[in-house]
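Read from first to last, the chains carry the letters A, B, C, D, E and F; within each, the first residue is number 1.
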Amino acid sequence: MNIGILLKEGPYNHQAADTAYKFAEAAIARGHRVDAIFLYNDGVLNVTRHMDPPQDDRHIASRWDELNKKHGVEVLACIAASKRRGINNDVIIEGGEITGLGTLTDIAIRTDRLVTFGD
Amino acid sequence: MNIGILLKEGPYNHQAADTAYKFAEAAIARGHRVDAIFLYNDGVLNVTRHMDPPQDDRHIASRWDELNKKHGVEVLACIAASKRRGINNDVIIEGGEITGLGTLTDIAIRTDRLVTFGD
Amino acid sequence: MSDANNNVRKIMHVMRHAPHGKIYTYEGLEMILIMAAYEQDLSVVFIGDGVFALKKGQETAGIGIKGFAKTFMALEGYDVEKLYADADSLAERGLTPDDLLVDVKVLDSYEIGALMNEQDVIIPH
Amino acid sequence: MSDANNNVRKIMHVMRHAPHGKIYTYEGLEMILIMAAYEQDLSVVFIGDGVFALKKGQETAGIGIKGFAKTFMALEGYDVEKLYADADSLAERGLTPDDLLVDVKVLDSYEIGALMNEQDVIIPH
Amino acid sequence: MLHTINKSPFENGTMLTCFRFLQPGDPVLFIEDGVYAVRSAGHYTSDIRDVLKTNPVYALLPDLDARGIDAVVEGVQSIDYDGFVELVEHHQVNSWL
Amino acid sequence: MLHTINKSPFENGTMLTCFRFLQPGDPVLFIEDGVYAVRSAGHYTSDIRDVLKTNPVYALLPDLDARGIDAVVEGVQSIDYDGFVELVEHHQVNSWL
């Protein structure tokens, strides 16, 4: 099955980013394709490469980077939401990309499921 | 009166940053000193200089910068909360500063009021 | 259904938050306006405090935030005509269709639940 | 009150959110641990879902988030001994002091309200 | 102690929780989405009237305007940010977030 | 349609709102802070039992564990992220945020 994920909250402050990641991992383990993770609202804050949590904590941006590199999951941040919140190509992780809401529409059309996580 | 402000949410996603700003403006207009705005939780996201909202919208980071420059309001982001969320000296506005929670304690001790805004 | 419509998806946007306190309704509306260009079968449903987004007379100058209530009136021009509001949510908030900026079809919760079950995608805002 | 105590402020931290779903309780605890070094008159009150933060048996490995419930047990070592929980909040959630990781003084809402009114600073988490 | 409430009572229990801890005489200020509580002839009118018997109740006018609320429960006072600051001059603040 | 609920019912009306729109047979999955709803002998047991008459109810086990909830209302099924994905294989998703 081809699955898209919409993530609406930033890292650490809400559990949404963690649940979305665990869900994506489990979907891949079950043999599904996770087509894309689209970041909206504060969700765009997930892809800043400046994130530097304590060593014994999870690194949320690296998780997304890894999903992109290992499993070809597109990690996409909405450009309008990103601009408001100070996310741009200077700060984004390698595996992330800034794009428009048209891309989300394409994802909604081409995937079998679109699953939303947020607050 | 010497007033401190604690802001716990990021810009645009919640009204807290707007209410805090309007409150600070009004306090200054009434002749009070706004000693410091301390940013905690997602509040640290208020001081990224990469923020680039639509032209007809308010620019929240610039507001804090202006409060610092015109009225000497210290704009302080908690270092631990900042590191988690990708805020560091490379991305912070000129009038902002990254500091520890000890500084918030000092603010709580030296101000007459500490007013919190959040979600 | 003609072949040309095989790729048309039923996408419902659910507005459940009051405007201004959080950005969800505003950025939700931005999303709907973009999606409208893609000729999908869009609907928008207002539930709970989401119905407040449509209230007439919102004047946001004082809070320093751009108002957007009137943008809902533009949806019709983008061929987004399926606007629904939950009857109980309106009643609990003492609102009638006359209090709202746009024409919405008022449905009961059973009817909205049935519509939800027809969707290919539901996006909460 | 002695002169030395003139600058001691009564600072109350109010925990009102469930743990893990949002970071507020965790970052709140971090704040309390730092403030504890400043020899102020600190208290921590657990209201509403905030009481869940103290529940025994929290195992967070499965959600991939660092657990912190046991850090509340360290507060006493930092001389933060004024821990209060709201009786109604516990009762509504079917919790008794035995379900909690640390000793808290259970107070009714009038007593907590009166304590709030003695504070120089209240910080919500 | 000034109590501020910024959540809609229709979706969230914050207002009713705050009311349990209110001491007589303490002012209550509704801001942001909290102002939906004080709409005239609204769902929470009787709760607001109960509080008004013992406590002054305020609502932030710019937030009322932003939400299209043009009439509030009798006895609730509409104030601007300036009035908010004035309340803070006289009280410590307890923000119910 | 799979309905997910991630808010504590003690502070927020999301669960009760969702229940109004449920169609018989549709699965409900509690995640994150939503799992407080299904604690055995808890405040919302009768609401959960009512739903169980017509709908399957699930709770995410890692979220139950994280919150120290070791017993759930009889009939509620605990599942892992793997089980969450399995539900999504069979249903479109309606996330009540």
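Heads up, the rule we're going with is that a contact is a pair of C-beta atoms (placed from the backbone, for glycine too) under 8 Å apart; a residue touches a chain by one contact, two chains touch by 3 or more.
Small disclaimer: the values here were computed from a predicted structure and weren't measured.
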What is the chain whose Cα centroid lies farthest from the Cα centroid of chain A?
-> E
Taking each chain's centre as the mean of its CA atoms, the one lying farthest from the centre of chain C is chain D
Would you mind pulling out the distance in Å between where the CA atoms of chain A average out and where those of chain B do?
-> 28
Chain centre separation in whole Å, for chain E relative to chain B (CA means) = 24
Using mean CA coordinates as chain centres, what's the chain A-chain E distance in Å?
-> 38
At which residue positions does chain E touch at least two other chains?
-> 6, 10-11, 13, 32-33, 62, 80, 92-93, 95, 97
Got the chain C residues that touch at least 2 other chains?
-> 20-23, 48, 63, 65, 120-122, 124
In chain A, residues with contacts to at least two other chains = 8, 12-13, 15, 19, 22, 41, 57, 80, 114, 116, 118-119
So which chains end up touching which?
-> A-B, A-C, A-D, A-F, B-C, B-D, B-E, C-E, C-F, D-E, D-F, E-F
Per the touch rule above, chain D residues touching chain F in the complex are 17-22, 48-49, 52, 55-63, 65, 67, 69, 92-94
What residues of chain E sit close enough to touch chain C in their complex?
-> 6-8, 10-11, 32-33, 36, 39, 41-43, 61-63, 65-68, 70, 80
Which of the residues in chain F end up touching chain E in this complex?
-> 10-14
What does chain B use to touch chain C in their complex?
-> 12-15, 18-19, 21-22, 56-58, 119
How about chain E: which of its residues touch chain B in the complex?
-> 6, 31-33, 62, 80-82, 84-86, 88-89, 92-93, 95, 97
